[in-house]
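For clarity, chains are labelled A, B, C and D in written order, and residue numbers in each chain start from 1.
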Amino acid sequence: MSLSTSVQEQVSDTQIITASCPGGLGTVDAVTAYLYQQGCYINEINSFDDIDTQRFFIRIEFRPDRQSAFNRENFISGFKTKAASFDMDWTLTRKDDKAKVVIMVSKHDHCLNDLLYRYRTGDLKIEIPAIISNHPDLEELAKWHGIPYFHLPVNKDIKPQQEAMIWKIIQDCDADLVVLARYMQVLSSEMCQRLAGWAINIHHSLLPGFKGAKPYYQAYHKGVKLVGATAHYISDDLDEGPIITQGVETVDHSHYPADLAAKGQAIECQTLSRAVRWHIEQRVFLHGEKSVVFAK
Amino acid sequence: MSLSTSVQEQVSDTQIITASCPGGLGTVDAVTAYLYQQGCYINEINSFDDIDTQRFFIRIEFRPDRQSAFNRENFISGFKTKAASFDMDWTLTRKDDKAKVVIMVSKHDHCLNDLLYRYRTGDLKIEIPAIISNHPDLEELAKWHGIPYFHLPVNKDIKPQQEAMIWKIIQDCDADLVVLARYMQVLSSEMCQRLAGWAINIHHSLLPGFKGAKPYYQAYHKGVKLVGATAHYISDDLDEGPIITQGVETVDHSHYPADLAAKGQAIECQTLSRAVRWHIEQRVFLHGEKSVVFAK
Amino acid sequence: MSLSTSVQEQVSDTQIITASCPGGLGTVDAVTAYLYQQGCYINEINSFDDIDTQRFFIRIEFRPDRQSAFNRENFISGFKTKAASFDMDWTLTRKDDKAKVVIMVSKHDHCLNDLLYRYRTGDLKIEIPAIISNHPDLEELAKWHGIPYFHLPVNKDIKPQQEAMIWKIIQDCDADLVVLARYMQVLSSEMCQRLAGWAINIHHSLLPGFKGAKPYYQAYHKGVKLVGATAHYISDDLDEGPIITQGVETVDHSHYPADLAAKGQAIECQTLSRAVRWHIEQRVFLHGEKSVVFAK
Amino acid sequence: MSLSTSVQEQVSDTQIITASCPGGLGTVDAVTAYLYQQGCYINEINSFDDIDTQRFFIRIEFRPDRQSAFNRENFISGFKTKAASFDMDWTLTRKDDKAKVVIMVSKHDHCLNDLLYRYRTGDLKIEIPAIISNHPDLEELAKWHGIPYFHLPVNKDIKPQQEAMIWKIIQDCDADLVVLARYMQVLSSEMCQRLAGWAINIHHSLLPGFKGAKPYYQAYHKGVKLVGATAHYISDDLDEGPIITQGVETVDHSHYPADLAAKGQAIECQTLSRAVRWHIEQRVFLHGEKSVVFAK
């Protein structure tokens, strides 16, 4: 037991730094030497330098050494200069900080229920300032968790206004991440662009196998022996953004579409929550139409 | 240990009967009552009646009871009448009989090597009367296993003649099954029709995800997080026949196309040999563009 | 889409018959011939005859043919005689009937939450007449689902009385199944015997790997690369009853005990709900210290 | 295609450095700063600092920058001093260098066959200077691959002499790794100590589930629903050394011991070859009774 306590104590001030930039000599050293100089103790590094596109990615978990007087502001201003000289995109996050996640849903509640359970028990270190839906069905579930529920019906005529309201809520919440937990509406191209790279969608299929609607019907008619789900970032094309993670399960001839859907929904939950976890733990980097993921 | 011996002895005369026909009252009884009447002891039944298409499928492993004098010829002629009245397709196979399998390859040997190992050790109960290839590369491997190797080069001009030679070999061998273990040529429509439903192809991708050539390059450029393989029967369209089984493995950003291919090849071997096993154990039924598989 | 409706309609009066008895000629026919005679249309059969122990198991899903006038009482009384002559244990269940499941918990809510979600959405066709706990913690969760919650604290001195109260609740509910969804108390030998074969426990480990307490600590100290969970029936020895199903996930050196537990809990939920589903769908047969499971 | 060629070219002089030492400020910098100073371009880093035991592990793939004149001798002598000041264990390996692997077998050939296939096709970058067996059965297989086969029968009386001969062969070959690919003999305590940490054993079970002999019989009698295999380093206790990786597959009641063994053997092959790959790619660190594995 003493292990657990000791681990807890030591990781309580853990920080995560991520960076990516064009590949080149010294990119690693730019980060590691700085951490050393600032008296930071490194728990874990993952780095990757893509030979194909010549781009470098690094993620480091570290904690201030007990003797050192870590000053976050100084740390940041000091690193800015260094990062600029390497043309680095970078982030610094306290591991214990809770990301603010806005969730969008329609009527299906399996993904929402799973996320709320992980939120409620602290398994996912997130706050949920808002749940947005085009249907009223899931309000009670939101309320029981004490989360504001915004029912914003939509049809073709009022779509621009509805999306404007959604966007306002997301901004008012100062959201770090938007999760489309089976929000069954196609977003406008403008909305997609706004959310590109920081909104995660769950596609109820193994992309690119069955794009579009009713993938379980498509799968049934093809007689596939595996069903799956894909969590990916939104991009211009809703079903085409960078894939974060995918899940799969075996099925057979006795699975009618409803059975495929039931098995599929379990995979959707697992796949989506895994993607959210990796995103908020800063394990995922956008990399053109793909992603770099330091999985755990 | 005595268990194993006893099991061996008792299953040595095990027979497998399969049947399929339009769904209707009494289809099961047509088979099970007949087995009872013939003094046959049933080890295992799997049946399925497809509500969607109203078609019935059954597979039974049985053995003649020790007291009964089982006569195969009588059994068959007796069942013929019954089967006809239900418009049944049916088969009767001794479990220990070895299927004659003709294997077709090009240069890649991973699937062939895996099949030969399972053949050599008796894991797959098959004979391999011929290996056919459009390249000479794998002849030594065939020879070490004492299997005739037919090197039949092919190009556009001689394709009809080459396929005629292939077809002759298959017929001369009296083959029960043809396995395309990475035979990298497109077969003519005529050849496909001849082999439809009794030739198994391994597609190095999770169909219908990446049809066509170089699926690992396609997968790389899409940044997928899973690669897989699909074993399916040949139909008119080489990449579209009824799926028998599929396999999958996780990958990440650090997998370049060659790494994806290496992981993929392991899955191809496993998936193809599983499909062959289920086919020769009479576990697979064609069912329009799909299959019914009583897996083990 | 019409498929789904049609499927629904036809399966609405689906029945499940299961039987097991000493192996012998005619065991299958005893059931299938009777169904035929009663005008029953068979959707699916699974049978298995254990060569080792000479015992026979069968499960059939069927529906009365539209033309036939199915009378449940007549069916039952007719089958009783037949079953008796084969010394059969047997059950007849309407597929749509909801099993009455009493759930026992302590403080951990992950398994309970998962079961309640599947109950609420109809994914598991069950009623939950009572949740029993030795702690008050999960009462609110039960209440939100409208389920009576019985808080029955326990210590060494009052254990017999507490178990007597539990037993009374189970009997008053006329429970079909008891699920120990992380009820962290050892049951008395008397209680185990009462529940043997119809109470499912989830053991937070791959049995028989890490029996007893704190399996995730044991796993951590052994440096295992897989963690798992085991759903099994209760027997005299709480950790030793017949296994129904097991689940597993990969882990690595960076997983401290708390991380192992987090991954493990996800597997516990999936494994337990799968066991409950198979039990209530009559897919599981007790078979000495083991089980026969016709999985889907 | 150009990608593949370019990747190939650039990785052709890739080096792998690994190090481990007591945790402390500057351990990472000791390596990364040195690489930068030596003009080395880093492809990939994995590091881990165990909070429980306060030990640090790092693995880096790097290549000399094109402009820099990399001198291996200078690199090594320069790093020695640095490493000493941190009390580091460390290794430097060229990625393309082939490890010399001595394989020990008895009569079962499934693991040997799998390793030889991966050796023959270059999938595993190894040389196999010797195959040692206490039985003559697998000599032909070795010969076809052009590998010396040493048949060293053993019984209680001559065990010391036989092990001395084994040890001499291993030394004469200058082996980097010994693989016990189902060598069904218990090694003496002295032999175990000599091989501790650089001999990999495949245990045909999910340790610590079924230690000792005939695990598939044990598994059968317990009615487990999963079988698995464990690849681990040898330590004093043959079945207890640090686990490298484990594999698993589902089974059911219809799997008699022979069926379990057949499924198990497929997992043994996969698990053992994965462990060998990770070992020779310098991905595995001994860490007391456990291992740290930077898996791919």
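By definition in this document, a contact is a pair of C-beta atoms (placed from the backbone, for glycine too) under 8 Å apart; a residue touches a chain by one contact, two chains touch by 3 or more.
Each chain and its UniProt protein: A, B, C, D = Formyltetrahydrofolate deformylase.
Just so you know, these numbers come straight off a predicted model, no measurement behind them.
Centroid distances built from C-alpha atoms place B farthest away from chain A. Residues touching across the chain B-chain D interface largely coincide between the two copies, over half of the numbers being common to both.
Centre-to-centre, using mean CA coordinates, chain A is 35 Å away from chain C. Per-chain CA centroids place chain C at a distance of 42 Å from chain D.
Shared contact sites, meaning residues of chain C that touch two or more other chains, fall at 3, 7, 44, 48, 51-52, 254, 256. Of all residues in chain A, those touching chain B in their complex are 48, 50-52, 206-210, 221-226, 228, 242-246, 248, 252-254, 256, 287, 289-293, 295. Listing the residues of chain B that touch chain D in their complex gives 3-4, 7, 44, 109-110, 113, 117, 121, 123, 144, 254, 256-258, 262, 266, 270, 296.
Note for the complex: chain A touches chain D at residues 3, 6-7, 10-11, 23, 25-29, 32-33, 35-36, 39-49, 51-52, 58, 65.
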